[in-house]
């Protein structure tokens, strides 16, 4: 089986077709795509049977990807438009599972103290929770309002507890009808980092894409439907190099380089050529390791103490 | 001339020797290296004449690199030991330029709101400034204390002013005898990010390594000696891929792969092989773009609004 | 009954004695006090029977207060000494309830995004959790290590869920033998804000001191012993004015002011006299509302937009 | 002379009239007031001659106060409306001093690391600077655009340099035609904290209101016109008690309390009465000291270490 190294059904689908040199549709996988505008597009991958499930190693269900190309420079209007497209897709998945009054618990995975991993907790901070108002101050809220609650359970490394154990405890105790869980995904593409949202009605396995498989968060483990909202937040460097290598080799082949080119590659400095190959794909980013917050703090400690001692 | 893409004299020296297939010393460049312990080492590159200067395109002067291999997991003891080694080297350079009472201004470049670029401002926050105490409350401080002041001038993109213009204004007005400037450097090696300090007695050009050359901060432009304390904080992705490519090709050659291997490279998925090649060098990091803070905030906006609207 | 407006047993004990003009001991309340050094002292209030319980409206149990006078300017040594004194007292209470291997869950109440309320989450970030290592990587940890886990459940306003419901869910699921819960307390004294720790073996009621009583977190509600670690983080302004009024009236009486003085008070500006009265007690602090983080952010929005529009 | 303890000309004007039992206008002070809506009002105090200047101890000039009552719960619309009102007033003052192309430097005083003092740096982060674009990329900007630059010079305690010295250095070097300086003000009223903006065309003296007078930032010291944008961010506790005392005594007098009431005040607990008196004025806030960020961090250190050691 292919080692997909991505949690995006959309990317897995392409990889599977490429690896198996398939140009037609795959039995059991249906796809749709929609372009809202030049910077905002939606892709839907629907896995309909076990053949599709096995092909891309994702459970039967719907996987909707929303891509926002220019999020870094997006203004209020574009942020709102992206939020609306995302909301519409999400609402469809919610309506398949619960009615208008079905209580929802939103769970934001991730670590607030690690910038690349802080999305989940930051989303939770901004969710408009209503459960406590409906319970204690019903006079202040529309009587048809849905009970919404939200938690940010932390990560295994700082809690010592599997995320699913914390969520299961809360679910058993407050009994929501549906869970929405926000998670970091692995992607193959650095240009998708924090610019793509995948919504799926199958639940998720935290950290699956980056090698530290933990227990799944799904109807299976929790007894209620789980909608996963995943955002790619980091890329493994081997994945990135692999993808860059493809781009680079493609360029070499297009230029019909002789076979002894490889021998020369090591000798020479290929920076300019690599850069030239990457630029058209908007790949020449500046990158930094995931643990950057901690590294900056420790280095600031070393440098400031060193300067203080030397004066 | 070589496009070095690194501000570290140490890396430039190796690149120059490799590019020119030199194994001996270069005329005009003297090097020393010292291993404090297995996780802490010091390299000194001393450029002694114009030949050396031209070879690695760095002004005549001293460039001292302190490498801290395990900074991410460093405890109090190791942080203190690194700070002491750094302090000793820095003190030597200070003593060459000013006496014990010579006023020093410490300048921290960078942007406090961008995690990978926040080192300079974070260091400034922790500098023990004395200038105001000596001026207004001399009874509370040792009479031999040196006047130390510290500023964090911001970056061109948020101030609209060249950093050197701000510094020049302050230097002209408060007249320190020496400047220490903390800056982000470019490095070729992702494993050096926030783990290496380069100290030099030549001053620096902010952003030189990442393509946005601005005016230099040096004795030349400011009229007082400038000691630069630089830390690599990001790596350009083309640089990283180039370096990974070297590692990868080396592996292919060691395994005496046939010449048609290249043709197959594109067809196949090389992830596992690349990973295998990178792991021994501790290269298989998780990477994230430099503008991660902004991306996380905007994405949190999109996701939380979308969820709120859908419920 | 007295409206104590403080969660500190130590302060309640003094208030009760003052209100009832008692100078001797109260039946059912035993006190001890210990001065570690001039800036660090420990007070123990032990409620031994129902009479004591009724007097100060706190359940039978031990309440230990550790006061750190100079915490703002404390250096490494003083922080460590305070941590050691606190640790010793805490350990005594832990040993009364569980053995060396008894699993402990540490819970940090409060809101990470509201500076005055962020203590609990900040503590949790620094707890050395072991539960996951003991479960998954036992070879890396001493076989006698205690299972420690830690969570930061958020606050009702952002989760929509009673804190005790979240904790109960987790406790039922992971079954620790003891809970340590870190909470913000109300105190009568502004000089105790973030400088006093109260440890008690009776559990706590979150927010009791500031008027928003919620369900208790105790052996009663959770089925396991609960040690509460509380820190006063804010003072209600009516409480502060009341206390300042006492100090002010005391000063007026000491100076044997005539009876028509009150009439003149309103006419005149009493700032200097109030300041004079407050200074000896180190009371003349600068105050700011609790929601300061949000206010600063919104005001920055107004001012920066206004400036941008006007230029 | 009255000790005003407020930097707001509006409050000083009221205090002066009250202290001198004046109900008419004061010679040399003209006032205007405008109510935009029930939550947004503008007051203008124009000091026209030396008599006015002496009365309220503020230089001849205009002082415009914008009050936003509901800022804590303000939504996008209300923030925008407040920004527009502020912008209109600011623009009038700017137009009196420079033409459409006159270069402006915006300076944000305060300390980014101290929440109640972070307004200035937070505003600077959001100013749309144009100076570097006009200089280096004029093709990307309207040719009539004004050169705007922005700096956040830090505070004396962390730089060791008087703020005015840093600003003077920059002004001499980049030569703007006008300075806008954002500063924290002292106010007498806790309900104005971060809810009021004062704009004046006279410049300001940093920290004047809170007892640490430093050199003024004005046309006098810098040679160019200075518009001050000030926001009250903290209230001194003696000021607050004084004001609460007025409210409290007024209540006693309204209730025609007997003269021996004062003697009883100290005996009794007056919390409920004070609270009752404060509530109608929306005064019963929760207060916290200014150095709250540092206190929370140090206390988190003590508590987490203590817990770690005890387990």
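Every chain is named by a letter (A, B, C and D) in the order it is written, and numbering of its residues begins at 1.
One rule holds for everything that comes next: a contact is a pair of C-beta atoms (placed from the backbone, for glycine too) under 8 Å apart; a residue touches a chain by one contact, two chains touch by 3 or more.
Nothing here was measured: the structure is a model prediction, and the numbers come from that model.
Which chains does chain C share as contact partners with chain D?
Output, common partners of chain C and chain D: nil, no chain qualifies.
Which chain maximises the distance between its CA centroid and that of chain C?
Chain B.
What is the distance, in whole Å, between the centres of chain A and chain D, each centre taken as the mean of its C-alpha atoms?
So the centroids are 43 Å from each other.
Starting from the mean Cα coordinates of chain B and chain D, work out the distance between those two points in Å.
Distance between chain centres, rounded to whole Å: 40 Å.
With chain centres defined as C-alpha means, what is the inter-centre distance between chain A and chain B in Å?
A distance of 31 Å separates the two centres.
Can you pull out the residues of chain B that are in contact with at least two other chains?
Residues 125, 127, 148.
Could you list each pair of chains that touch one another?
Every touching chain pair, ordered by label, is A-B, A-C, B-D, C-D.
So in the complex, which bits of chain C are touching chain D?
2-3, 5, 15, 19, 68, 71-72, 74, 79-80, 82-84, 86-88, 90-91, 94, 104, 106, 115-116, 118-119, 122-123, 125-128, 146, 148, 180, 182, 190, 193-195, 197, 210, 229, 231, 233-242, 244-246, 248-250, 252-253, 259-263, 265-266, 269-272, 274-275, 278, 283-311
Which bits of chain D are touching chain B when the two form their complex?
So the residues of chain D in touch with chain B come to 112-113, 124-125, 127, 129-133, 147-154, 156-162, 165-166, 168-174.
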